[in-house]
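Below are two complexes that have chain A in common, paired first with chain B and then with chain C.
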Partner chain A sequence: MQRLGNFKLPQFFNFPPFFTLQPVKETREKQVQVWKQLLLDYCRSQKIFVIGLEEDFPLFSNPVIERSLSHEAREVFLSALISEGHAEWMDKDHRKCLMLWLRLQEWADYILNFVKDNGLQDGVMTIEEMRSGTETHELAGIDRGLLLRVLRLLEQKGKATIFKGTSADDDGVKFSV
Partner chain B sequence: MRRRPGIAGLKSAAAARDQYRLVGENVARIRADVMKEQLETFRTQLEDFARKHKNDIRKNPTFRSQFHEMCAKVGVDPLASNKGFWAELLGIGDFYYELGVQIVDICLSTRSHNGGLINLQELCSLLCQRRKVAREAVTEDDCLRAISKLKVLGSGFEVISVGKKKLVRSVPTELNKDHNEILEVAQAQGYVTIEELEKRLSWSSGRAIDALETLLKEGLAMIDDGHRDGKRRYWFPCVASIFSAPGSDGFRSL
Partner chain C sequence: MAANWLPPVSLTASGRPVFLPGEVERCLLPAVDLESENPGLAPFRSGLLVLTSHRLLWIDEQSAAGFAAPLAAVVHAYPPKKSIRSMFASPRIRVQVSVSPDGRIVEDGVRSEVITVVMRGKNDPDAFYCRLLEVLRSRQWEAAVVAEKRNTDSGIAEPPMAAAARVRMPVVGVSGILRKEQELWESTDKSLQEAFQDLNALMSKAKDMVQLAEKMRLKLLSSSSASSNADDEEMGSKQEMQDWLLSVGIVSPVTKESAGALYHQQLSRELADFVKLPLERAGGMIALVDVYCLFNRARGTALISPDDLLQACTLWEKFDVPVMLRKFDSGVMVIQSKARRDEEVFARIASLAQKPDALRTGISPSDAALTLGIAPALAKEHLLTAESKGLLCRDVSPDGFRFFINLFTEIDPSDIYMIKNNGPAHVWSSALSLSG
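Our next item is the complex of A and B:
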């Protein structure tokens, strides 16, 4: 089976009609479903947080079968993810899309568990510290903007306090779980 | 004055009834015993045979199909009931029931991409993959047998022949002659174009479009507008080889 780096592509990726938006409702639903899954799985495994619709995103075309997704199709698949909270448009023109394989609330829960598991309650961490870490770690390499939003969500619930540092690199957070 | 039955009259009538019953029971018992004896002989013979060849029946698909043929000739259906000695002795009822369940499962899980029509070959290879642990070869003949058992469920499982291939249908779609011919043409490459149908089958484009529209609506076909030549292709997952490639894990995860 075809691979993209270390990512194993699903079979439908080599089946040309999956690159054309299907006119029949049921078939379209199935098509959207498999694409949603592929987009999320791929982004999660490669830690890709932002997809540019105009860019050469590896999943948008398959040179092996000489097919690529139309702009409309890209928008349809991403919109489907957005409707379930698994993505967000980053601009009005729908050119960039933020991928949320964990939804915002799920990220918040994940971070709380991470804090508990590592005994970080009442400790202070910098934002950069949270983003570093081993490859396999879910938080490693997380989009900075996304992380800040999740932390603010926690702040609203009184579970975290964000500190402004002298520079952006020094921004810190204190958890009070 | 109306005559009432006397005690004595009642008694003699009851005694006569008892006599009749006794005689009747005797006759029935004798008949049943004879039958039992005959059945017993037949059963031991068959059991002996089955026991002797148990391993062959389970492991060897050719032998299995011959065994089935023999059973059919003597009017015994080892799959008719899961109770009884066949099941106990051979587990052969279970074998086909298990196969049936797995076939239903595969048909359902692949329905999303093939619209409920699956190539028998593909079904068989998916089945073998799923049964890897069992290490018992499953042939297309076994699949057909298991599918014929599924018919009693009235769930619309059916095997249809299209050209050289056999397709298993798990949805109640009625395919007419035109649809079958399209599937036959599609077998070569997995897809057809309207032009191709016009040429190969000498159809009008209206006839081709009409039939293709139906197949699309049934979820058996998918359109592909991405080819360089700009001609729309109608793909048929049920005959496209991409899904029956060996070692394929198909759409099972869906």
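Our next item is the complex of A and C:
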């Protein structure tokens, strides 16, 4: 099985038509489905939160079969994710895309559960502390901007309170579950 | 020998007749008998008949004897009889001549007798008869008389024809009646000749008409292919022209190239509708001859010709109908439902796309063209159609445009790593692993 880093690629990754945007409706729907899942899975496993459309994102090409996704194809697949809430454009030029294998709300729920499971309520954590830790949980390595957004979301719901520290590293949060 | 009933003719030393001044030979017939209706007069057997402008000469070359009958004495010449009997007998031309009371052939005699010219040799009676009539009509012997008269007279010179008319005096009596009959007959003959001239003229005009129609047809042909943006008026008059050509029996080839004459168009559509049900019953293919029978039987009246049927089927190419005409190598023609035809092609494409090479690198239009045995442009159309049906998917790269068997259908979105055990995906996967 082919790998991209430690990520196991499906066999279809070596199917050349995979990299050509299919014109026929049913075929394209299938193609989009597969790419959506592939993108999310890959980003999740590699903790990739931001995809630059014009950059050499490894998933966008397969040197073995000498194929890569056209710009149009990339936009199509990412737009499909965006419409589901699994991604967001970070700029109006659509050059950077924020990947949300967990939707914002799902992140919020995840954090709350995480806090509950680990008995972290009523304590104060720095953002950094939240982001670090063992690799096995989702929050490890989470994009800082994203985390803040989620925390703000929780704050709006009254589940958390954000504290501004002396430096960015010291920004903290307290959860009231 | 009985007294020869024809006046003699002097011959030259070599046996040629001595001609009168102005006499010209017109026709020679060998092996001719001259018979008189009078049984008492012995016939002249097997001599050379010479028709001149003045006389009818009969020469027996062996005995160097010659006899003549002045054409002036000819009252009437009967055309050769055309009957079954006459086919096997020697042709006979009967000439009525006036005779004097004592039986001599003279001009303006009181009685008449019939001499039969029997052609024993290989002669064309009709040609001789025509020549005889011409000669009789022209009456050249009279010109001689007039010339003589002119010589003796110091009178005004007249044109021979007018003089000839004057010389022909109204005669009473049997010969007068006979002469009138002859004149009537001659004028009828003349008008018939003219009529035939008209017919010749008509034929030549007809040739012109055909040429004109041909030119029009070519013009229609060239303009229809040249201008596709003709305005409605032009198209209307062109359509009229085509219909007119069709009505006079000239099938315009524009019919095949352009939309076609309205009749064929309508017939074509009608046929496409009609043939659907029988096609289904017959499993998608019917011989053209059978369709011809079925269609005409259904029509009852206003039957169509085989050619019409063929034209109608050919027009299907222009319309979007679900049926098509197909010709096999053997020459047999069938009507086939397009869906069936497509299925067949797709089956072949699918099998081509699943060959090991094709699984790895896909198929290009030229590959398909080679395998299907059709032109690359047509092959591409088939491939695109197969793609639209979900049979194939495309691969666009700097290497070009290729088609693969559609494996997207094999992917299970809930587990994109799984490959079904039997199925094209599995075959593909194995093919891939084989090549490394």
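In this text, the second predicted complex is superposed on the first by the 177 of 177 C-alpha atoms of A that agree within 3 Å, B and C clash if a C-alpha of one lies under 4 Å from a C-alpha of the other, contacts with A are read in each partner's own complex, and residues count from 1 in each chain.
By our rule, a contact is a pair of C-beta atoms (placed from the backbone, for glycine too) under 8 Å apart; a residue touches a chain by one contact, two chains touch by 3 or more.
Keep in mind that this is a model prediction, so the values were computed, not measured.
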Chain B and chain C placed together on chain A: clash or fit? clash
Problem - Touched partner set for A:67, first chain B, second chain C, both or neither - result: both
Requested in this report: Scan A:38 for contacts with chain B and chain C and give back first, second, both or neither.
Outcome: second
**chain B versus chain C as contact partner of A:117, first or second or both or neither** = neither
(message) Touch test for A:56: chain B only (first), chain C only (second), both, or neither?
(response) neither
- Mind working out whether A:93 is in touch with chain B, chain C, both or neither, as first, second, both or neither? neither
Intersected contact list for chain A, partners chain B and chain C 10-12, 14-17, 19-20, 22-24, 26-27, 30-31, 33-34, 66-67
Listed in rising order, chain A residues that touch chain B in their complex are 10-12, 14-20, 22-24, 26-27, 30-31, 33-34, 66-68
Seen from chain C, its contact residues with chain A in the complex are 362, 387-388, 390, 393-397, 402, 404, 406-409, 411, 413, 416-417, 419, 428-429, 432
Chain B contacts chain A in the complex at 112-113, 115, 191, 216-217, 219, 222-228, 233, 235, 237, 240, 242-243, 248-251, 253-254
Given the complex, residues on chain A that touch chain C span 8, 10-12, 14-17, 19-20, 22-24, 26-27, 30-31, 33-34, 37-38, 66-67
